[in-house]
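What follows are several structures.
Look for subunit A in each of the two complexes below; its partner is subunit B in the first and subunit C in the second.
After this line comes the complex of A and B, so read on.
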């Protein structure tokens, strides 16, 4: 049956994120640095980065957890959203760059370019840049997905071609003549909408906006998965051929989900860039996409909240780890984590908790009438009856 | 019985399908009249499932003509369009949506708008709910309506899939081995169910189980090596020498 998008779990989740959006900036801005509760600005930005990763994880959960399509290229949509934001921020530098060219970003002056490439036009306008944050990942997903789903590329083949996609984009963006800053990427941002990107207030605002984006992303996912659209997605995940022979145009559902998911990843990337202060081709690295999938697996695919929990936990662990003496072993730990979760916690953290609770409810004597959810063993075989 | 092709609900003419040179269907011709129930038998690998694949758009024939309702060329359509035209199919291996409840499986199968665009705002009607309850009665799964389909027994899954066909409300039902893995009692009930369905719909049943085919009491087509070997009542075909040879000899 279709569900209410705003169920209790969703309200709790939205409440928690909203509280974080208010409390963290308040502790940063309102308390003096001497206070033990003061949150330093670098932590605000670090948390903001986690929230962006959580939104990326959510976008992966929508397509992987519900529709069963394992995209190993979502890092590319994230990076494209990031570049769109980065281009806006570059144009905001204006004449304040090292070369003082009012029109061209430093790296173009350095390359001896005389005019702004076509792809950069319009990026001095914030609304245009925000449109591109959605449109570029969305269009790429539309074209890529249209070909892939129409030719019925599924399973591991789809995963491989998405890896190839992000790898190809990485190589392209590494090239200086591609026009997006080459391997240095885009950096040295000065201000966003007139506010200094380094200022405490701007950082706090960016964190709060990231939280709002995460809430909106979560709501979009809930509306989708709680509707009949979501029922069809799960049907496609379970038995794609069955769904086709019932008359569902499976590729339309997949394509719509893929595009929405890519746009969400793009927004996450766009909010990430001003908080970390740089975007470079390394963000397209195939390993990034795989890492994001691991967050979802750890938290529990197909649960939405699990993606967020997984992204926060794994990234917190990464930060703690890579700042200590064990830093060189982080990738081993991450790989081990993935293997461990796959073997011993296949439902992930949130998935396992949900499963336990569902079990408990089923076993509880007065939880439901006899016609509802009878445990397997107790159910009579209707066909053999009479 | 003779039917003119124009009045046939399903018309296959000289259909051939080959997989890497192996002819799974070899110039197969078959005509199903509206309202008919037809049983299709044949040894393993005779091409029965491949025939259903061709009719439902899963496999494109190399040659031949496949017409539905006299006008629709099924070889030019994809699975979803063919389903919407009114052909429902039960797979040889029971295939239901495991992580959906029994009820939701029927809900997804229920005839109606299939577009992604409108699915987000979809609301269930009272009529649809009643229809689901009545199908649950028919397939005897009322008590299991809220259980996950993945937790059903093999036989229950078979019935659920037949229920999904009913919900889809097609003109023609293609049922591939509906009683595989069922007890005798279940087999008997399935034959009754299909006969009841045939009161309103055209049905093509593929089955190995001879007791079951006998219980259906309808015209039988024997397939062998991708073509029709014999056609007639069950008694006629089981006396046919070539049929006996194919089943027992070799």
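After this line comes the complex of A and C, so read on.
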């Protein structure tokens, strides 16, 4: 028996994101700056960043919440997607760099390189770059996951080797001779598809596109988990050995989910880079990946909407803390979140609300109407607060 | 040969060369003529030296010193040269100051008073007695002893010869090594003379090497002597000897060249062996650090199945404990106060408690402090999360963030200065292998901790109960072991050992709030590689990774080597998901 992918909650969620995708750019572009309702461009970019993080959280929720695999290396897929986009943006700079070299990005001129490394070929083409945004994280996940799942590396072992993976990538990308800008990463972007990345219109469009990507990602996840495939995933999460004995190729299910999830993280990274204007090896740091996991835990793993809510809430808190006088206490709060959520809120915000609703329904079985949509309705509040 | 003195000697040598290249001096020709010209006074020195050796008694020497001084009064280059040569050949202790003064243009002749004065910063002193001359003679009566280029050579040769026979063996060694470096052919006679007199074996060897270095590059030397020199250099067997042997000047006789080639390849082989030994030592040293950092993790992870991401912060707390102990010792008092208030107290410490004892205090204190923090964490957080390893991972990560930030708030974000006790600083050498004392102590310390821990698990009641809980928690509870208490104690033990590791790491790493972060991934790699639940696996894992890392470094560089190790471990986990020394049986799935 499978659930309907487009239930009421999904529709409400998609509607909210779509509304945000229209309203925020409209308030930014259509209203004059003097208007109290005007949304400044920096806020549009900030919201865009949150939406990218939400997509990353969604990808983690898919693999952790539904397949029970805790990946501490999703930051690596995010960063790889970001680097693919960054490479396209670097090639778009062309001769406008500080050194004015039409072929080589500035850092290569600085390192005295004579020609473009092989890895950079084709990145002047937008479709190729977009393909790489999906293909590079996807391939890495495919190879890594194939090795790991085939030899039944599970649980904390998998978490630790994914952490080692992102750590190794971070060390590699920090090297200048690795060919991706070393310590400084890629920055000073000028154009994306001919539009100035700094322009208000481009920022608004990027925000809207990020929202669309989030909606698509949500739909993909929703369709996946509501299908028979999703039922098997949950079976693997809850009793892997039993699922295997029932004849399911557990590795294949895990691998497919891992690859899809990595591609989603890659897309999130690709949308993130033009909005923040830089990608550097710090994005690979293991701490980033773990932080993304806590967004999911706060919102509620295995609820999809929860991942989005958690990402938005935690990042909003992070922004408001780290920009104010409370900045030194942010890490206390974040650390407290890790401890508190695992101890007292194991279901996360959305998961707890769903749980209450379900219990109330059991107490009052005559309550009418489908209750499944309710938890996503609860997500309205934080979203509106943004 | 000591590395440090070698460096000092090479520095000195550089100074000397600079002096030589001073403006006004003749360009040094590499050809025969130049060396011949320089060799002439040296021959004279050698003759005199031999004579004086035969003549022996010091009275004769003292007379020779006075005679030499009178030569400076004549204001003739030839006489001055004779005087310098005589000073260089004589063994008088005052000679060095006189020749040095001559070199610096501070030697004044007082023909009227028949005496020679040294201008010691404006104060004239009698060269023979060293006494200040008063009343100071009129400046018009004094004549500065002049030098020309030829004389300058003689002065340098005399200085070199005098240093080679200086009373202090360390200075003699420096001088001999400087000659080895410069291979100044004009110093040969002086070296040989000094060699004949020398009694200190180290200096004697250095002199022999210096002599060999001169002979082997000198085309005038007899073939037999040069072949013998090759043998001496072969004995020495380091990079400098190799450079000499493989860079012989053109026109060297075939026999000498052949001997040098075979000696060079022998040295090269030996150096390769030493390099491998050096790498192995670096690897063992890194391995011991990894072992220290990972061994506590092996207990919490292996015995309890708890992923403690705050493990690195326990190491960091241990390092800060060392810092606090050293601060207290520096202040000679333990000051306790409530921050932000005037309330506080100060306990004096005994004066005998010096920094050399700081680690002896810090080790048990760090064990207690971090052990208590560990028990607190276990009782307040981890015990609610047993059986949920992924949640434990997240919660302990949160604890690590809190601890880091707490230390950052309390001690500041900058590195803290932790000093090495005197017995841990410095280095010594075995052959070509340089070993620093702190690394050696850390290797010993980590092995001691390992053995103690093993003994504790094997022979104590607590160890027995820990093993019982590891193997079968339910059954252990049934036979009356209070498993919850064992859990807390085990976690405290693992954390305490991490704290001890922090004391050791404070000696070789920066003590900052991020200290733990740099070890946590490495520690996990060691434990996962070695196999969970097996301390021997941790030992083998730590040293394998350490040595592998250091042997990869010369080929791949430090960062690539580390990446390669990470990739290899990731691949290794695929082959053996449970590590090198996997536990067998049903328990692992539980």
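Criterion: the second predicted complex is superposed on the first by the 365 of 386 C-alpha atoms of A that agree within 3 Å, B and C clash if a C-alpha of one lies under 4 Å from a C-alpha of the other, contacts with A are read in each partner's own complex, and residues count from 1 in each chain.
Methods note: contacts are C-beta pairs under 8 Å (C-beta built on N, C-alpha and C of every residue); 3 or more make two chains touch, one makes a residue touch a chain.
No experiment lies behind these values; they were computed from the predicted model shown.
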Message: Between subunit B and subunit C, whom does A:336 touch in the aligned arrangement: first, second, both, or neither?
response: second
Message: Per the contact definition in the header, classify A:98: touching subunit B only (first), subunit C only (second), both, or neither.
response: neither
Query: Touching A:224, do we find subunit B (first), subunit C (second), both, or neither?
result: first
- request: Could you tell me if A:199 is touching subunit B, subunit C, both of them or neither one (first, second, both, neither)?
  value: neither
Task: Kindly classify A:168 by the partners it touches after superposition: subunit B alone (first), subunit C alone (second), both, or neither?
output: second
Message: Which stretch or stretches of subunit A touch subunit C in the complex?
response: 70, 144, 147-148, 150-157, 159-161, 163-165, 167-168, 171-172, 174-175, 286-287, 290, 293-294, 297, 328-329, 331-332, 334-343, 346
Field: Contacting residues of subunit C [partner subunit A, same complex]
entry: 307, 381, 384-385, 388-395, 397-402, 404-406, 408-409, 517, 521, 524-525, 528, 559-560, 562-563, 566-567, 569-571, 573-575, 577
Message: Residue numbers of subunit A touching subunit B in their complex, please.
response: 1-2, 223-224, 227-229, 231-232, 234-235, 237-239, 241-250, 252-253, 256, 368, 370-374, 376, 379-385
Residue ranges of subunit B touching subunit A (in the complex, touch as defined): 56, 58, 79-80, 83-84, 88-89, 91, 95-101, 103-104, 107-109, 114-117, 119-124, 140-147, 151, 153, 155-156, 159, 164, 168, 182-183, 185-186, 189
